[in-house]
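Shared between the two complexes below is chain A, which has chain B as its partner in the first and chain C in the second.
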Partner chain A sequence: MSFQPGRMGVAEGMALVFVTTFTSIFLTSWPLAIDSATTATWMLSLINGLIGIGVLYSQAYVLQNTSGDLYAACQELVGVVVTRLIAVYYIGIYLLDACLLLRQFAESTLLTALPELSFEIAVGWYVFLIVLILFIGIEAIARASYLFLPMAVLIVFIVVALLTPQYQFMYLAPWNGPGFPNVVMAGIHSVGLNMGILIPFILARSFQNSRTIKNSVLYGFGLSSFIKSLTLAAYIAAFGTGAAREKVFPFYEMARLVYINRYIQRIESLIIFLWAMMGILNVAIEIYIGLYLLGRLFNLPTLRPLIIPTALILAELAMFPGEIGSVIAFHHKVHWSFYNIGIYIIPGILFAAALLRARRRQSC
Partner chain B sequence: MNIFSKNFKAFKELVVFQPTQAPPPFVVEETEKSGSTTTQEQTRLALEEHEALLRYARRVAITLEKVKNTLAEPAPNEKLASLRAELDALSKQKAHVSPLISTYSLTQDPLDQPVSTSLEENTLALEQLYNLPYNKDLVLRNITIPSSIPIVATLAFIDGLVDNNIISQTILEPLMSLGRENRDLIRGDTAPQIAARYLPSSQVKPAFFLREVTSGLNLGDTAIFFDGAAEALIVETKGQEHRGIDRPALEQSVRGSQAAFSETLRANTGLIRSLLRTNDLVTEILTLGTRSNTLCAVMYLKSVINPALVQEAKFRINSINVDAISESGTLQLFIEDHPMIPYPQALSTERPDRVAAALSEGRLAILVDGASFALVAPISLFTLFHGAEDFSFSWLAASFLRLIRLLGALLTILLPAFYIAINYFHQEALPTDLILTIGGAREMVPFPAIVEILSMEFAFELVREGGIRVPGMLGSTIGIVGAITLGQAAVSAGIVSPITVVIVAVTGLASYAIPDYSLAFSIRLTRITFEILAAMLGLVGLAGGLITIIVLLCGMKSLGVPYLAPVGPKTTPGYDMVIRGPVYSQELRPDELNPKDRRRQSSVARGWTQEAPAGKKDGS
Partner chain C sequence: MLSRFIAAAVLAALCLSLVGCYGSKESDSVAYVQIIGVDVAAGGKRKITTQIAVPLSTSKGGGPPGTEEKAGTSKRWVFNTMLVSAPAEEANLLRSTMSRSPRESHVSVVIFSEEIARQGLGPDATQYIRNRDYRETLFMLVVTGTAEDYMKHNNPALESSISKYYELFFEKASETGTYLPSTLHEFYTRLKTPGASPYAAYTGINPMTGIANPVDHKQPEQKADAYLPGGIPRTGTENPAEFSGLVVFRADKMVGVLNSYETRAVAILQNKLPLGYIAVVDPLKPEKDMINLAIRCEYTKITADLDGGMPIFNAEVKIDGDIYGISSDINYEAPGNREILEQQIADFLKGQITAMLKHTQELGTDPVGFGLYLRPKFANTNELNEANLTELYQAADININVIVKIRRSGLIWRTVPLLKE
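This part shows the complex of A and B:
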């Protein structure tokens, strides 16, 4: 099948996971999470990380006891029909996420960088770039993501460091929070934000071996969780929960708050580089995964003819909602509910099936 | 004729069409396909066949006359032997002009025809192949080799490609000037005997077909045809005029070798071999171009290089079907992985030391006869930022220089686009004082920033191009004077702001830090695209351009090796890519090349650090 990318290593896998799980920091998902965890929102990301590691090891076990990728493992463990249903679910999840992200990044372009720009042009521009890089291939996208990874981490650290004079560490005091059990529950619910951790398992055939997959998820997701947690802590420490939950683009607001002296201030324009690139990469990766699964589902020889129609359909869908508020609310809702099926239930079923099969084999 | 008539005539001439009296201009006519090709071909074949038979008949008549004269009176043995030899040659020629063989050979490609036993036929064939008498390059020289039976021979060579002294000393003198007493050549085996006994040249090889003969002639060798022999001898007499080994013109270095390639292939391969004196260094010679027959050398270290790379390079070169290639740059365009992307996918260098260093890393070099630049492949983008002196400097200095070059490339790509984006859309990114200064400077300028930048860059490119074309020292002077005058005049005239001049000047200067000319050109093209994107969409446009170009570069390959290695994909660093480590720590060859021998030096390259100093080995 010609849509199979070439061999990818830990660096590529790590970058794919990092980009798809970290980009939420630029959007409204985390300010909305403050409603549930208030001052302890920064812990949500760490709890997500711990759950993600559990998913990682369960799926690694599944792959070790089957052959090929997640799709092939499904076929082996739960049969063709259920596999198709699962594939349809994941296609829906990844394409829906790509569509919602596209809308939010286009809106954020209008709100933060180009207020005079027509909304359709913003969406069209992103779609054009996404189509262009999708034609180059996932391998190149993953490698480019790996190149951006240190830059992203460095910029986040710089912004967090430059905000030091603004911090009120009392905003992070645990007694202002909702209580540990509630925070843990919120962490369990919000894990759907990290659907990207399954990408190396879906593209398993392109990776060198199962250890590469395991390491790439571990490092990529670990780094992403840690930096998200740090950023959220800095965000809450700088704004307090009251103001923080009001903001639409947390990282942009953090950059905007930077004032060291009259030469180092208002650096938010420069941060546009970061979120625009991360956004484009994230949407492109998710569209690719959706199309890849579509290719596996229908046994298609190539993905290329699907790229432009899919991107155009997603762009049209992204422009459907009348206002951004409903998009953000919907995205938050699906993150905390519908996406969790893909993180808990399906991997759980596969893990249980793999375990059962292994025990049966042992007993035989 | 009154004034009315004159005016009427002038008006009439102006308005009314009159056919021109001048001869019709030259227009190349289109070739029309004729339906009678077969008939024409048949007529040509019949004509040539008859001509060959006529030539044979004339020779028979002359020989019979000679036989009659010789036998009329008692003849010495020598004369009889000569006569016998001539009759032998005649009988061999008869075999060639039999109608069946003649028709068969005439329908063949002329180059595939065998060397004839008749000197006349060979001469005619060469005259036809080389378009004599219009073509003055081919020289045909008839000689008689004195021996017990004198042998008539014809020398053929191309004037300008041969060394006349070599021809005189290694062919004419041994064959003609020496006494006939020592010569006792057996008829029928002439060519091998002469090659073995009388030609002192280092390389003499037989040729049985005209293709071998022309191939030798085109390379500067001399062909010798012997009457009655169905083979020719190709004697090496190459002596083409060429430029000597000079200093590098474009890749000058503060330290390191000061030799550069010239236009002669063998001199260039010799230069590389002089730096890598090992039997492991292989030079494979391939031929390029169906008409130019240009020689091309593929060089590599057999025990180091990944064999797949050599195989692929040779496959690509051999598969080129083009009439002429005379430059390594043209060859590069034919064999590179992504011909639609302007970023260079092979290193073009005029320095043998750089080629030798690349070969020892496990890369291969391609040299083309007549080109003074060698191609090195596969490469990564970072290889193009390496300078010749990097290998001679301390690792700190070399790394610093490489970072400066990378920074120069980044500035070249981003600075003007960044200025445009901030000027148009993101003024808040600059401190108030600075934005007021820029605003004040631009107040009187009637054009938008993008027009300012593009027009200044256009002027800068003109100055750069003009500087290259104007010969000698005058070029750089014109460049400097042109840039200063243009900049000052444009600012004084209020066409551009001083800040634009500063930005374009810094960008131009930074672009000179990029060592590779092709890369610098590609970066300039990218910069213009980024400027347009920045003018349309500000930093969002610039970010889009940047991500596209990086993904594009990540997807590129150079002879199958990732273009952004060792960072995209990440491979084990060899400490000589972006940052150059100390020479003794560069233990491994680049991982991405998958060389046969990964280790470049032992883990302790400086053995002396592990032992006592030379004078204190005895413990004193």
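This part shows the complex of A and C:
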């Protein structure tokens, strides 16, 4: 099929995972997470990282013992019907996530940069750019993400460093937040924020080999988890948990707070492009994954005819909720519940099935 | 080929959208609000004064040839005071009174009257935080009298921009410690997160009569006086506005003020005093002589403990000193005398710090942020949230240890007595 080129390497895979797992730092997911982990919210990202490594090795094992990608592995291990159900689930969550992100990024543009722009035009511009890059294809998106990755990391580090005068590190105490067991539980619940770690397994046929996939997830998610953890610690140290819980866009607020002297301040306008680009790339990748699975599900020869209708439907759905608060609350709810099915249960079933099959083969 | 051509044309067209800022306005169609003053008015209303920059006067040489002199002498800013029931009404009415569209994104200071500060600044702070036009880095001040009067009398001759005036003032706060910068961010964060009480810089207008109005209390070692705004004995042609002391809050309500020396004690305990000047009574000739010094807080180390639910704080303060002047002919640079002087300064600073702590414990406000050091002592955040850190601060036993080291003695390394007649 035309959408399975098989030429992506570690750099592209790493960028895909990084962009899709890091973007949450710009949105309200983490201020909401402070409700559960309070001063130790920065640990959640590290706990997510450890769980992610577990998912990585379990799915790598699945791929090693089957042929092709996650879809093909499902067919081999759990049969066609269950595979179709799994595909529908993943299509649902990736497109749902794209839709919710689209709404939030459009709102962020209105709130932070262009308050007089009409909401529909903001959504329209995002969709236009997303459609444009989707037509170029996943390889181009992945390579653009890889080119963008060092710049994104550098900008995050610059903001975190320039905020140094604003830090009150005692705001991170009590160091274990609501208690270590509660933090671990919150970490387990919040893994759904990182659905991007499954992308290289879903697109496995587009990667060079299984080692490439493993390294992509390891480096991409490792980097993303570390920087998210650092940024969250900086965010809490700068705002305290009380004010930090209220913010809609944590990273924007961090950039706005930079005040070194009369000359080094008001830098956020330079950084708005960072989350706008990350948002566009993230939504484009997620729509691509949704369409890719749709293509696999219906055995379609190409995805291109689906791009514009899907993007338009998602744009309409993104504009459907009357206000942003319900979108934020709903996104948080599905992150911490519905998305976890795709992180724990489905990979767990596949891993168990692969393990069982390998043992049976050994016993034969 | 055709699709590539179309893609290239679309991308080229997109580039055109990068040349302008859509949705915003031209700089000559907006009025930049720089300072906002908030006073209480009758009938539950607010009197809001906005200080708006006049751009032509602040630009030098920006106009047509021959206009520079005129530009330099014209008004640098204009005021607009309105009685309003709600901030939204003020935003509307401001647009009804000006040709340009007001922009609050350059507001650098918000000034509140004492009356409004005593009623509570929480709702105001929340409104500024929520609105994207205002930045958390803007400074918050409380004035003696009304904000409107203060703003109209504050006419600095040295600065062409009123924002620059305030920014420079707070930049050099670290050179004295007798007033402290207070940002909306710090105020709001302290309101929302347990550990420290909010405070705001205290400012006012001096009557310029040359009459001193110092704070009564004076320690035995103290030579100079402590002041509150308006009390500094001065005359002259410079701006009558002055900063001295600190307004302290319990939750969002103003509960009192600290004088200039108490404020410096706060700065020392917060480790925010890179430079300050003190005058102490000459320990060996206390009748009329004195010693002037520049001091620097090298470090302040605060440790906390919860002993059976009762907090104990230990603060170790290390101060470096540089002798500026000795009015007597005693050689304080020499070993033996130097230690006596160091002890005199340590006693003086310890006395000031202790007085400040007693005062703030009585007021039930913790501007230093001792409560922050207690936070790690709680097992988890639930326990922290259940504790009343203000009450714990009031009941706390605070031990202060000040160590002073005279590092330098200016450009004189030993004092030689004056010749007798």
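Simple rule for what comes next: the second predicted complex is superposed on the first by the 360 of 364 C-alpha atoms of A that agree within 3 Å, B and C clash if a C-alpha of one lies under 4 Å from a C-alpha of the other, contacts with A are read in each partner's own complex, and residues count from 1 in each chain.
Operating definition for what follows: a contact is a pair of C-beta atoms (placed from the backbone, for glycine too) under 8 Å apart; a residue touches a chain by one contact, two chains touch by 3 or more.
Being a predicted model, the structure only gives us computed values, none of them experimental.
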Inquiry  = Which partner chains sit in contact with A:M170 here, chain B, chain C, both or neither? Use first/second/both/neither.
reply    = second
Message = With both complexes superposed on chain A, which partner does A:G240 reach: first (chain B), second (chain C), both or neither?
response = second
Request  = Check the residue A:Y146 against both partner chains and state whether it touches chain B (first), chain C (second), both, or neither.
outcome  = first
Inquiry  = Let me test your reading of the model: by the given contact rule, A:E12 touches which partner, first (chain B), second (chain C), both or neither?
reply    = first
Inquiry  = With both complexes superposed on chain A, which partner does A:Y259 reach: first (chain B), second (chain C), both or neither?
reply    = second
Inquiry  = Is A:L96 touching anything from chain B or chain C once the two structures are fitted on A? First, second, both or neither.
reply    = neither
Task = Quick one: classify A:L314 as touching chain B (first), chain C (second), both or neither.
result = neither
Inquiry  = With both complexes superposed on chain A, which partner does A:A353 reach: first (chain B), second (chain C), both or neither?
reply    = neither
Task = Based on the superposed arrangement, let me know which partner A:V217 touches: chain B (first), chain C (second), both, or neither?
result = neither
Ask   = Is there a shared patch on chain A that both chain B and chain C touch, and which residues make it up?
value = 114, 117, 132, 262, 265-266
Ask   = Contact residues on chain A for chain B in the complex?
value = 8-12, 109, 113-114, 117, 122, 125-126, 129, 132-133, 136-137, 139-141, 143-144, 146-148, 262-263, 265-270, 272-273, 276-277, 280-281
Query = How about chain A: which of its residues touch chain C in the complex?
reply = 38-39, 111-112, 114-117, 132, 166, 168, 170-171, 173-179, 182, 238-243, 246, 253, 256-257, 259, 261-262, 265-266
Interface residues, chain C side, partner chain A - complex = 10, 22-24, 129, 132, 135-137, 164, 167-168, 171, 183, 185, 188-195, 369, 372-373, 375-376, 378-384
Query = Once bound in the complex, which stretches of chain B touch chain A?
reply = 422, 425-426, 428-429, 431-433, 537-544, 546-548, 550-552, 554-555, 562, 564, 567-570
